[in-house]
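The structures come next, written out as structure tokens.
Both complexes below contain chain A, partnered by chain B and then by chain C.
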Partner chain A sequence: MADVVVERGRVARATGARKGKSLRNALGRKSTVAFFLTLPLILLIALLVLYPAFYSVHLATLNKAMTKFVGLGNFTFLFKRETFWMVVQQSCIFAITAVIFKAMIGFVVAHFVHNIPAKGQRKWRGMLLVPWVIPPAMSTLAWLWLFDPSYSAFNYTLSFFGVGPIPWLGETFWARFSVILVNVWYGAPFFMIMYLAALKSVPDQLYEAAAIDGANWWQRIWYVTLPMMRNIIAITTLFSLIVTFANFDIVRILTSGGPLDTTHLFATWAFQVGIQSSDIPLGACVSLFMVPILAVAAIFILRDVTKRGNEA
Partner chain B sequence: MSTVAIDKAGPSRKVKYGSMSRDRAWALRWSYFFLVLFAIFFLTPPVYMLITSLKSSAEISAATNPWWVFHPTLSNYVELLSSNQFLRFFWNSSIVSIVVVIITMVISIPAAFALARMKFWGSATLATGVFLTYLIPDSLLFIPLFKMLGVVQDYTGITLLNRWYVLLFIYPTLTVPFCTWIMIGYFASVPKELDEAALIDGASWLQTLTRIFIPVALPGLIAATIFAFTVSWAQFLYPLVFTTSVDQLVLPVGITTTLIKGDVFNWGQIMTGALLGAAPPLIIYAFLMDYYIAGLTAGATKG
Partner chain C sequence: MSRKTLTRRQFVAATAMSSAALITAPYVRGAYAAGKLSIGFWDHWVPGANQASTDLVNEWAAKEKVEVSIDYITSNNKKIELTAAAEAQAKSGHDILQMPSWWPQAYAENLEPLNDVMEPLLKQNGEVNGTVKYLGQSGGKWLAVPATPGSQIKGPCSRIDLMKKHAGIDVQEMYPVGAPPKAENWTMETFLKAAEACQKAGFAFGIGLGETTDSVDTAGAIFQSFGAELVNAKGDITVKTDQVRQAMEFYKKLIAFLPPDAPSWDDASNNKWLISGRGAMILNPPSAWAVAKRDAPQVAEQCWTHGFPSGPKGRFAPYLPYFWGVWSFGKNKEAAKSLLVHLSAPSSIEKFVAVSGGYDLPAYANMTKFKTWAEEGPPKGTLFHYPDPYKHQTLSIAASPAPPKIAQQIYFQATLTKMALRYARGERLDQALAWAEGECEGFMRS
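Now for the complex of A and B:
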């Protein structure tokens, strides 16, 4: 009975509401209701996300006192600064290295968790996700203390192996290594959880078939697991690329960009230039340089997500 | 003849089984070995927080083994929990997070319902737009938002900068898009028959939402709530930019800016503060782990 009624409504709608006034009213009411239900969301996005995004472009074309339009003056100024190119380089090194390591560690750990009996998996999964649950600002403080120049617990431990005190945050190479290490520590559990969910969704029959065909474990991973997980790997990696590229907390707390601005990312440098040195237009300009890579990643994510939606 | 064949097949298969299970046993042992290694890597910082928080300043500056507490003391906890300043941070953080969760739910549940069930002009585009908004990071928006707040403050005379309540308007930009997105997924998985039956029985749209969709999609609702809470609790950049006075700070900013006094690091207190700041999300996670993980994976697996 229900089907019939609904079916009739659909047919009538498709043929252009010949049914008359009551139906048109209902339709009108429905879209009005829908409009009011989504209105707060639309307002929020328009006022506090889209407007600031465009406002940022406007700000980037003003002079420091924000009184005069200077066109692309801020951009050409940035291109001439050595620090800017260092930030570009460091942002790319940071994001790409961190995402690769997060993806690899996440993949390996997910496999180990998947390997052990189902009974214990919950416990291990719960333990291994802890870094992702702690607010990054809090856990980075713990890392800062572990890296402390005079009381570093790492250096204390390493001294037993005869490895001299490492200037974790004092030298360019080690400072870059440290911020990446902390980011990998924070982000790898997220990959682990996503991959674990994907691993669980691969049907056992596929592995059985592969085993009957005589596939070894490497072939099983390469020909069964990876193709089945491709979509989730792509979405997770792209998503993490965005988040890592836009990272602020870890670098800000660990090094504040030092030594000599060598660990600055776009976000932390924009903060230093725009808020701390109150050159808002230049800061807006710096943060806008994140847009191209974010846009590319977003387009690919969207493609994968909609593809997934169509498959389901 | 046939019995002989079976006999022959028997032992050879048994041997094969034996070697396979031996392989599995070794794989299991290696899995546990590496899991322990990774667990040590993942749990070192939080455990070290706990160790340091139980030490007195004298013990921290003494050159003893940093991985062990020789004279455990709760003085850091007592000191922090009796300091008005720290309690103020905690209070600010709690009120901001709780109100943001409520605002987020009020905005995203009706919107997700409309986007999942009422096909209207532009609904598909809007759903995609919501997802794209989720991908816009805070570090792209903090400078224009800072300037906007300044401009609005000048026009209206309402103090917005350096006030904790401004975070109530800003945080939803981070929580609403994702919550709406996963709620769309959960609402879309509610069987159509349920709400059709309700509509036929004469239920209004609002009644369908409150009587059918919210109860059926409750797990999704819990996951979204947890997400909104943890994001608001952990947010660091916006409060760092928008608030500066000590009595307006939320926990993450408060700990990093006030407990670090010049070059003097009181590490015992910093670690205690960080641990107490990490406690609410950890407690929620400990009790609602499955919902937490469902919310985490929903972004990519649903939709």
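Now for the complex of A and C:
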């Protein structure tokens, strides 16, 4: 009997020691340490991103009074609304046009800055980043004053040339032009700084080799610079596309979606429907509609990046 | 150092004596014996006006032994609506929350019925107008108490000199201080002619056609003066009626005389239009005049606030009341109700009106003739007719009498201004009406 007890104790101690050792091993592994170090961030993301995301999916399946489950009823309702399709179209026009211009301006300006001698470059980089570092709600208010019907500085200046007054925010074309212009002004420095970083990482030997081969300016851009920047361009475009699609403050401050809803984006219309008209489920549906559009864009762009990564 | 031990017998005796003393002692109220109360008030834009609320609340709290905390929440960028939405969702927040016009109806299920507060107040202060009942009552239940701070009429604020010179209208004679209005000829036709004359003279009326409340409120009053309803009180869509067509024709004519960028106006644009001296009239509470007093005194002394023109179906003025609501999930509802009674006492209301320089409007019939409105200036008496002291117009809100949850959507989607603008910009009338009908069908969701 006593033997058995001793035996049992030994077995238990051996198992305990093994368990303790494996726990120590697990805790000692780099991946475990990394997991525990990132755990606060994971919890924060779960709390502030995942929970609201799933909650908005839940809201989107309720009726207006939020008392009944209606499945996809809100989505089918939206698909029948003329304004909804207008918002889809406008969001695409806004995001695509703004991203194209931001990328083009960012690319050109990055080249200019890259060619400035290193001594004065930091000053220019700092100045060109100013639009991006001012909170957009504040800078857009300044733009609102520039476009203001009573005090527009633009119209005042144009009046000296016998032009105008232009209804900057009162007519569809000009209102769309204005909100895109402000978005481009705000977002182009981000592209500029990303492209500048990419340009600096292109080895000089490639340009030297191209020069020896007799490549002109355009050929150097096309065959050296662009292929070397492709991944940065793709990632920056994707990131900017997501942020621009989800834009709220610029349109909200400048036009509130007008005139005649022709500048509404998903976020501003979702706010109007969900908060102002007290139809939170429909507002959640409108904002969720961005997800499939952006997911498709993300898949295409990231697939291309991965493919090129594998080729490399 | 001596150490005294407590025996079991001594412990029992001491406990018994303490308990007896506690039970027989008289009830002494502590500093905050009646608990805590958390309040969310609208952040007033008249400088110093919040102080009146703070003083009144503190006065009540000291008397009732309640610990109070007040948050002043701005209405800029819909912060107050966002707060209401968040608190209703979380079922937690302030005990009392001040809400803009449509919100008591939107959160009716989450609000404590306040009939026991409102019934004595109505006896004390007089009846409230139909719009307050429409927005504040549901099924005979008072959802909230009409608040004086923030409540406003958006009637015409005219330039005395420009209206006399270009439109031949003496607004001071039409709305004299201390006497009933002589406004029989102040009709929609006269208004339209005045708009045309002033526009030709380079001082167009500053009426917005945007999606914010000032634009919508004006459209609402004009439509109502033609008897035009998009959805009637029963909830039936009534877009394709002669009254709506008449209102659309009128608006089309009016739009031709408004500033070309009026479709992009927000609630600040009309104020700026008046203060900059570019307009002969705006439709707004006296906040623009109050700012002009500070920034453009030469404009302020020519401003006169008065009644709305009448249409074929009557004289309607846009009216936006604020409310104080008590959440049903609040922790100190009795204290909240007691405070609302205090804030609605005639002396409190008079204080709100005085501190806001006449901007705040009480909802009660007996409270429209305070001396503040007669004395404010320059010019003296400019606000005398602001609270409609002779009840010569119907105070209404755009999209009424549709059931409030439908009307709220017509209001915030700015369906009235949009349909008028569509027609004015060349869309056929039947197309504009069909568009509005489609929108209203969408608002029927329950």
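Just so we're on the same page, the second predicted complex is superposed on the first by the 257 of 312 C-alpha atoms of A that agree within 3 Å, B and C clash if a C-alpha of one lies under 4 Å from a C-alpha of the other, contacts with A are read in each partner's own complex, and residues count from 1 in each chain.
Please note the rule applied: contacts are C-beta pairs under 8 Å (C-beta built on N, C-alpha and C of every residue); 3 or more make two chains touch, one makes a residue touch a chain.
Here the structure is a predicted model, which is why all the values come from computation and not from measurement.
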Clash or fit, chain B versus chain C on superposed chain A: clash
First (chain B), second (chain C), both or neither touched by A:M104: neither
Most chain A residues touched (candidates chain B, chain C): B
Touched partner set for A:S256, first chain B, second chain C, both or neither: second
First, second, both or neither for A:D279, with chain B first and chain C second: second
Which superposed partner A:Y151 touches (first chain B, second chain C, both, neither): both
Chain B versus chain C as contact partner of A:V163, first or second or both or neither: neither
Touched partner set for A:K64, first chain B, second chain C, both or neither: second
Which of chain B and chain C A:F77 touches, first, second, both or neither: second
Chain C collision site on chain B, chosen from 42-50, 240-248 or 294-302, when both complexes are overlaid on chain A: 240-248
Contact residues of chain A, present in both the chain B and the chain C interface: 148, 151, 252, 271, 275, 280
Complex interface listing, chain C residues touching chain A: 77-78, 81-82, 85, 89, 102, 106, 109, 209-212, 259-266, 269, 272-273, 276, 278, 405, 408-409, 412-414, 418, 421-422, 425, 435, 438-439, 442, 445-446
For the chain A and chain C complex, residues of the former touching the latter: 63-65, 77, 81-83, 148-151, 165, 167-171, 175, 252, 255-261, 271-273, 275-280, 282
Interface residues, chain B side, partner chain A - complex: 27-28, 31-32, 34-35, 38-39, 41-46, 48-49, 52, 60-61, 65-67, 106-108, 110-111, 113-115, 118, 120-121, 123, 126, 128-133, 135-148, 169-170, 172-173, 176-177, 180, 193, 196-197, 200, 205, 230, 233-234, 236-237, 240-241, 252-253, 255-256, 265, 267, 270-271, 274-275, 277-278, 281-282, 285-286, 289, 292-293, 296-297, 299-301, 303
Interfacial residue positions of chain A with respect to chain B in the complex: 2, 5-6, 30-31, 33-35, 37-38, 40-42, 44-45, 48-49, 51-53, 55-56, 59, 105, 108-109, 112-113, 115-117, 122, 124-139, 141-143, 145-146, 148, 151, 153, 156-157, 185, 188-190, 193-194, 197, 232, 235-236, 239, 242-243, 246-249, 252-253, 266-267, 270-271, 274-275, 280, 283-284, 287-288, 290-291, 294, 297-298, 301-302, 305-306, 308-309
